[in-house]
Amino acid sequence: MTGRRSRALGLATAAALATVPLVVRRDDVLNFLFLVLLSVTLAESWNIVAGYAGQVNLGHAAFFGLGALTTRALWIAGAPVLGAMVAGAAVAVGFALLIGAAAFRLRGAYFAIGTLALGEILRITVGNVRAEISTLPAATIAGYRLAHRYYLALALAAAAVAVVAALGGSRLGLGMRAIREDEEAAEASGVGALRLKLLALALSTALAGLAGGLFAYYHISYYPAHPFSPTWTFDALLITFIGGVGTVHGPVLGAVFYVFLKEYLAIRWVDFHLLIFGLLFVAIVLLLPGGLVEAAARLGALARARVLTAIRK
Amino acid sequence: MTPLFQQLVLGLLIGGLYGLAAAGLSLVFGVLKVLNVAHGQLIMLGGYGAFWLFALRGLDPFASLAVVIPAALVAGGVLYWTLFGWVVRAPEETRVKNSLLIGFGLALALEAAAVRLWTADERSVTTGYAGAVLTVAGLAVPVVRLASLALALALCGGLHLVLARWRWGRAIRATAEDWEAALMTGIDVRRAYLLAFALGTALAGAAGTLVSVGYSISPSIGLEWTLKALIVVVLAGLGSMLGTFVGGLVLGLAEAVSATVFGGPYREVVGLVVFFVVLVARPRGLFVR
Amino acid sequence: MLEVRGVEAAYGPFLALSGVTLTARPGEIVALLGPNGAGKTTLIRCITGLLRPRAGGIRWEDAPLDRVPAHAIVERGIAVVPEGRRLFGAMTVEENLELGAFVPRARPQRAARLEHVYTIFPMLRERRRQITRALSGGQQQMVAIGRALMAGPKLLLLDEPSLGLAPRLVESIFDVLREINRSGVSILLVEQNVQAALTLSHRAYLLEAGRVAGEGSAAALLDDPRVRRAYLGPLAR
């Protein structure tokens, strides 16, 4: 898709989604869309560091969790929710920069398992320190408006997509992709690899922290360790890969597909979606590294070729 | 709170299983340069194999090793043919990364399948002698766990012998060191890969069986066991199965100490922190010789 | 008999061999000479099946060799002492040697061959239980040659066996090669030590930038003023 056309399409989609709460009064629809939008944000945020900079971060949930933890605490203590979310993002980024310099000494799969360990360290520690369930005060529950959460999720998802789209065409994004393809060569041609990787991580974790804040704002009660669970990382990874890793549209497409199937299948068979997604994911890694986006592009090209030959005849 | 020495005994006992769990992962990683993050899920399946044999056929869990190990060998062969055999064609860096992703998808699928087959409940194989306890110098030593430790040692030792003496065992070691040189000496490295993967899976199956007797299994234990095995591999390095076993014991003891010092819930954290620090301190030296 | 005909080989877009033709007849020692980067190792990799030629063909004993999988080449009777030796450094000397006799055709005689290798290189018998990595460069080269001999080859390929060795050692290694050849093994020897290689071999090929730039009997090439200038120049004694 060309830049202008896809931007127009994106704006139109966002506008259409913005009218949904005005038209649809059903909470289940809003909840479903909320989940899609949260997933878009989380997946796009993971996509920055993993898809563009090529660093498979398996500890992504830690940053989502830190955002949730901070936001929830500040918000319940009386801070405005937007301020609390920004603080959550700041904490996530701060932690990312703290561990980033060390973690980025690791390459490829070692970075992946190293960050997986980091995520687990945080999850277990938070589970130990904050073992009790976190529930909103009664007054807040009474004033709970789903539409507020929905609009926040929409704004965040739109921002995430915009960030990734802007990154895609920028020098920054180009440098990140150079690192993904060949870090040594990138370094040799003057790309400051560590600086760019840290930048990618900061961008990525800022969005993840905001998404965590949104999670904290959305849920009435949950265990504080839950947003630290590696399943959040895995969701982001599945969505991004199924949709198309390192693309702007991939995570969006992936999120719609993933959440739809997940919710649909979960009604019938608990956890069955993971069996399907696990296998689908393996198939995509082996056979279709470009994900749904590439599949769509190929189908599109095929169809165009058909049409063209038909016209010529 | 359990006194330190009792903790150490228990740590040593489970450490043997960490060693066994790591031995399979280490073999596969060392030879194929493939990081199978579904290793823990294979352990989990081994545990359910033993659980099934016990529940349906009344087979003693230790005896069921004689069924689980061959079955896991075959399963490993199938997994190699269908999945990991495709990855080894790629150059090394892509190989590790792709294997990680494939292992990850496999892990999800296996875990979900296990939930469907056996529900998400925790299970363990409770034999008639499950409660037997030896008392040595005032310390309680559960007999089943002691037997598991001995078996884990025997299996690691057995693998060591296989790799040292068997013709194809040597071929596997040669392939691990330099696959091109192995090709040039006439070794079919694909076959060496297949054998190593099957052996690694068999060890995972055996480890799972032992876990199901002395401890407990559920579909979700996979990630935890993968991490334990990874920690041991990082601590012990590649290349020596007995070294890996000792690495497992060390992790068990370290967990025991940290559980006593920081409290039980932090048992896991210490190993992970050590893992991360060691990994970062030796980012390249670790896995290359 | 080995026949290489018009072989082209490439690393990605880079053409390392552009049409190389050479032969090695039974009982011959053939030297393959050329400057760094000429493509000598690349040709060895093609013959041993590690690299597939892009064009041309390789035949061995009147059957095509270039579709045979790499691990099956040894079984056909071709063994190699690769560039840089490529020993299994964490294994003992004897394990390395035994791995040389891994293929089925070599297994029946492996005890006798091991004895034979130990007779040629008595040093290795003393160090048979040592880890190969701990050996000196010269001893490692002996292990590499011994490992190739364990396969009982009809054709032995050697890629710069003298690299990094003291002159006296080179001499004794070349003596061993002469002995091996007398026992009926053909040899294709890649060398930068042109003088020594031409003294040892019957015929030689000059490889330059991926092409054969000259060939002939070793004696004729030794006397050829052009060869003397290009290859033996300052080193000529």
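So that you can tell them apart, the chains are marked A, B and C in the order they are listed, and the count of residues begins at 1 in each.
Note that in this section a residue touches a chain if its C-beta (ideal position, glycine included) is under 8 Å from a C-beta of that chain, and two chains touch if they have at least 3 such contacts.
Please read all numbers here as calculations on a predicted model, not as lab measurements.
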Centre-most chain by CA centroid is B
With centres defined as the mean of Cα atoms, the chain at greatest distance from chain A is chain C
Per the C-alpha means, the centres of chain A and chain C lie apart by a whole-Å value of 56
Taking each chain's centre as the mean of its CA atoms, chain B sits from chain C at a distance in Å of 42
Chain A and chain B have mean C-alpha positions lying a whole-number Å distance apart equal to 32
Per the touch rule above, chain C residues touching chain B in the complex are 48-50, 69-75, 80, 82, 86-91, 95, 98-100, 102-103, 106, 147, 151
Given the complex, residues on chain A that touch chain B span 56, 102-103, 105-110, 112-114, 116-118, 120-121, 124-125, 127-128, 230, 234, 237-238, 241, 269-275, 277-282, 285-286
Residue set of chain B touching chain A in the complex reads 35, 37, 83, 86, 93, 96-102, 104-113, 115-116, 120, 223, 227, 230-231, 263, 265-266, 268-269, 272-273, 275-276, 279-280, 283-284, 286-287
Given the complex, residues on chain B that touch chain C span 167, 170-171, 173-174, 177-178, 180-189, 239, 289
